[in-house]
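You will see subunit A twice below: alongside subunit B first, and alongside subunit C after that.
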Partner chain A sequence: MGGYRPGWLNGAVAWATVIYLILPITIILPVSLTDQRFLSLPVHALSGEHYLRLLTTPAWTNAILQSAFIAVASTVLAVVLGTLCAIGCWRLSRRSTELVRALMLLPIIIPSIAYAIGLYRYFAKLGLLDSFTGVVIAHGVTGIPYVVITVSTALAAFDPRLESAARGMGASLPQTLRWVILPRIAPGIVSGAIFAFIHSWDELVVVLFIASRRVFTLPRKIWDGINENLDPAMAAVAVLLVAMTVLLLLLDLALRRQRRD
Partner chain B sequence: MSGPAGHALSLQGVAKRYGDFTAVQGATLEVASGEFLTLLGPSGSGKTTILMMIAGFVEPSAGRILLDGRDITALPPERRDFGMVFQGYALFPHMTVAENVAFPLRVRRMARAERDAKVRAALDLVQLDRFADRRPSQLSGGQQQRVALARALVFDPALLLLDEPLSALDKKLRAELQEELKALHRRIGRSFINVTHDQEEALSLSDRIAILNHGHVMQVGSPEALYERPATRFVADFLGKSNFIEGEAEPDAGGMALRRGRARVVARGTAPAGRALLSLRPEKIVLLPAEGAPALAEDNVVEGRIAAWSYLGTGFAVTVETPDLGAIRVHLPAWRSPVAPAEGLAVRLGWSRDAAVVVAEDAAMAPQGHAA
Partner chain C sequence: MSPKGRHAAGWWALILPAFLLMTAFYVAPILQVLAISVTEPSPGLGNYERLFTSESVQRVIGTTLRIGVVTTAVALLLGYVLAYRIALAGPRAQRWWLLAVLVPLWISVLVRAFAWVTLLRRQGLVNEGLLAAGVIDQPLSLVWNEFGIIIGMVHYMVPYAVLPMLSAMREIDPRVLAAARGLGASRTGAFLRVFLPLSLPGVIAAGVLVFIFSLGFYITPAILGGGKTLMVAEWIKLQILDLIRWGLGAMMATVLVVAILATLAVFSRLVNLRRLFGAGG
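Take a look at the complex of A and B:
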């Protein structure tokens, strides 16, 4: 690659931006390993006690399990609905389907606090407040845009002649979907699933509105912990959250690379 | 690939309109059982639209399509049982060669043992048995083309439709695969319908050719009939090269004659008195130097000067400027050529009466003229 070399000013600004983005994340790692009993940097030695406490305190393990359950269930919901929507829009492919696709992106365009207030009103009437079903529906629906985007992108790269070829050889629509279209767009579906999972995994605003006693996801537990005491276990949780997200993003990256080869 | 012999297809006044645009104008065509028919025409002539209507992907605006006398116009493509080789092949990239070929059988829920045997036989047929476990992306263009053929033939289709099957290949490979395609057609005895814009491919492969232009079927006939007796200027020009001589027709003892300026050209056939057009193939003209050569014993002799020439390996393409007939293109073999072409060289041209044929101007010609 013989592109233009960036000047020193450009380089400095770029690196400053990178550091600015990453620094808050890097600070939680040493804090989570502190030997003190409040949120602080380690003083005498590194300690894993907060991680240990995290994995042995029922309140924390419960929150981890709840978050995982809600994330998995809402991902399934988002993937099924989002994929069906994307395929439907792609097959019909009219001006009205462009509108539908734009509508499906609303949950990530509208501020989540506005969305949460709306949800609160409806969920109150439907009796879904402070229930797992309610949170799964809320996270599932707000996760749909990620799936619609990734699956639509995969479909845009799909060669329509493959569908014609399948039909020409006698395949029905379900057979064509199962054996030709879905395998071709599977990487897009997986990408969408990863993003939908991450979305639910670290979502706080909606949960704050619609959950009270029963539903305690990890982000909500951290939120409450910060308000009530300065337990370093929260830094350990934050590291876990970040680690999970980074892991999933790396998985997505690996899948994309594999697809390109 | 056994089973009953080929099936016959019949198009009756099939038309396709898109809004104001007419892609295909009332095409009537018969494809006999076991026949290799080529739809030949320039891009935009409607040949692919006709193929897509036969395949069922495009719904005709008018007319009927019959298979062995049964109306299939309304049948969706997945229920027509036609094999098809798509432009660019449309192989499934996520499947191996064997899985690609097995696809039509899997769709038909054939038992695995029978399916495997058929896939093996189909891959044998196109000499790709060693590549069964490869992905299409690991194959060359020619091999991909053969996989597409095997996939289109494995389920014993009633017809094989080919949409520009060789256009993506380089010239040498194309010639090779033409031979194979021809041999394959002879071996399995199915009707093949091929779409191409390549006139050489059409001439060498087909039992019959249908020439299309602007959505009209201009002429249908055997390659030889179309080449030797084109009905219109377009057909003569599109299939091979041709000189056109326009003049006043008059009767002649041995056929007809055409008067243009001081020249009088005789040709076979008849033409009503008035304006007429002759087509004369460049390779049917003899060319000799004007001086120092024996007299030409041909029915037609004209004199002229070489205006341009080029060497083509097998021969020379020479353009001769004549006082009365204008520029005449001549193709003469390079091997032991009696003339060493040079610009401005005075030459004599000669051709026999049966070398030229009367053709109609395209506007005056009603489409669907059938040559024998």
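Take a look at the complex of A and C:
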């Protein structure tokens, strides 16, 4: 903003806020490398034993694999349905589709605790409690908003005349989708997929209610760990989670930049 | 059917799968909560009566509103300062500032709560550090109380506060500020009488968003509150999983959902979720 410099107080508080946002997250890295048996900073040397323990304990590796499977499956569900829905709403673009779009955003607005208790009873009737199908459906449905948002944003920059031209020249709807619309909005779809994946990978509240013995995801394992025994393996798993999120976000930023250039 | 009608039918068919899945597996379970709240343990509005008669119900609502208001106020204040700094930064610097806001936004709530426990508990790094430095001789209770909850919740909410405010600030024409300065306004004057009022819609949107997210928050208050300070979401879980009082838990969940949707409806013109999540670029 031309010639407008922030004052020193503004700068100081802004920096302090950023440190408050970032520092607590970075602290888990040294803690995960401690040579002690309990949560602490390394005393004599850095040690990778907690990572080793993490990757050789079946309870942890199972939880990681289960979470990865559920996250991938529910991301596919959310991306396919969310993308098609966003395209339909964009093309029709009338009052009723605005309502549909608002409906698709509900899972972000309504607290997951309310959904979780309703789903618990609902799945009990359908026999879906403690099943992978059940968790994938729940995570897929609650991942749809992220896809609808990113794909709608991508579509807002898409010239609708391209679509009319394709249809005018005789392309069918599936052909128009495949060759005209989807290639143009691919970065938006990838963004949506990334956010839907992170959403499922981190989701805990719904899983606490609808899963028990068979389905045991990573967030549940961490939750139990925080409530029962705090040990450095928790810090190691936390570091792995953060690394994964940061990598996915950097990928998203790189894609957005590419799209702009 | 006319060709045009058939055309539209094709597009509606794209919407249909998501619509059906959302109705069957999202809306229906939510409506089930509403149904439970008026049928269990006996049909009628008995559960809702508790809103006016039960002290424990009123206490948990009071605690939730208090924590929600404090969290919103602190998150707005820090968020505004940060958004202002970002809005004034150059394009390159802006990218870094933004990354510092977006990374915490997407990092697992559980991981963050765990990090705060590591730092703030009695044998945590903050207490150990202060003890070693001789600043204190008794560990401070920084967590498993309301203070810990607010530290963790503000940490979660600041990014949600920054993004709508930043997007409002970016729409302010810098020439307006230059004009104010040219006409003799001081720096503070230009900020208070020009910038601040123009950024107000963003502040309100951020406030609404942070407040409604705070009301239904489960994980952070449950971990950092240590079971002593109960907010609505944890209270609902307690009623249902531990005390098996479905009616009461469902009633509170319904009240929560209605309160949130009503708040959003009132401010619907100011809060644009799509803009929030599109703000990363």
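One rule holds for everything that comes next: the second predicted complex is superposed on the first by the 258 of 261 C-alpha atoms of A that agree within 3 Å, B and C clash if a C-alpha of one lies under 4 Å from a C-alpha of the other, contacts with A are read in each partner's own complex, and residues count from 1 in each chain.
Note that in this section a contact is a pair of C-beta atoms (placed from the backbone, for glycine too) under 8 Å apart; a residue touches a chain by one contact, two chains touch by 3 or more.
Note that the structure is predicted; figures quoted are calculated from it, not measured.
After superposition onto subunit A, partners subunit B and subunit C are found to sit side by side with no clash.
Of the two partner chains placed around the shared chain by superposition, subunit B is the only one that A:171 touches, whereas subunit C remains out of contact.
Touch counts on subunit A: comparing subunit C and subunit B, the chain ahead is C. Once chain A of one complex is fitted onto chain A of the other, the partner contacts of A:206 are absent, as it touches neither subunit B nor subunit C.
In the superposition on chain A, no contact is made by A:155 with either subunit B or subunit C. By the touch criterion stated above, A:146 is placed in contact with subunit C alone, subunit B being left untouched. With both structures placed on the common chain, the touch criterion links A:129 to neither subunit B nor subunit C.
Of the two partner chains, neither subunit B nor subunit C is touched by A:79.
Look at A:13: by the touch rule set out above, it reaches subunit C but stays clear of subunit B. Closest C-alpha contact of subunit B with subunit C, superposed model: 7 Å. Taken together, the two complexes place residues 167 of subunit A in contact with subunit B and also with subunit C. By the touch criterion given at the top, residues 159, 161-162, 164-172, 175, 179-180, 183-184 of subunit A touch subunit B in their complex. Subunit A contributes residues 1-7, 10-11, 13-14, 17-18, 20-22, 24-25, 27-28, 31, 39-41, 80-82, 84-85, 87-89, 91-92, 97, 100, 103-115, 117-122, 137-138, 140-142, 144, 146, 148-150, 152-153, 167, 173, 195, 198, 201-202, 204-205, 208-209, 219, 222-223, 226-227, 230, 234-235, 238, 241-242, 245-246, 248-249, 252-253, 256-257, 260 to its touches with subunit C in the complex. The touching residues of subunit C, when paired with subunit A in their complex, are 7-8, 10-15, 17-19, 21-22, 25-33, 36, 78-79, 81-82, 84-88, 97, 99-104, 106-119, 125, 128, 155, 158-159, 174-175, 177-178, 187, 212, 215-219, 223, 233, 236-237, 240-241, 246, 249-250, 253-254, 256-257, 260-261, 264, 273-274, 277-278, 280-281. Residue ranges on subunit B touching subunit A, taken from their complex, read 55-57, 76-79, 81-84, 86-88, 90-94, 103-104, 106-108, 151-152, 155.
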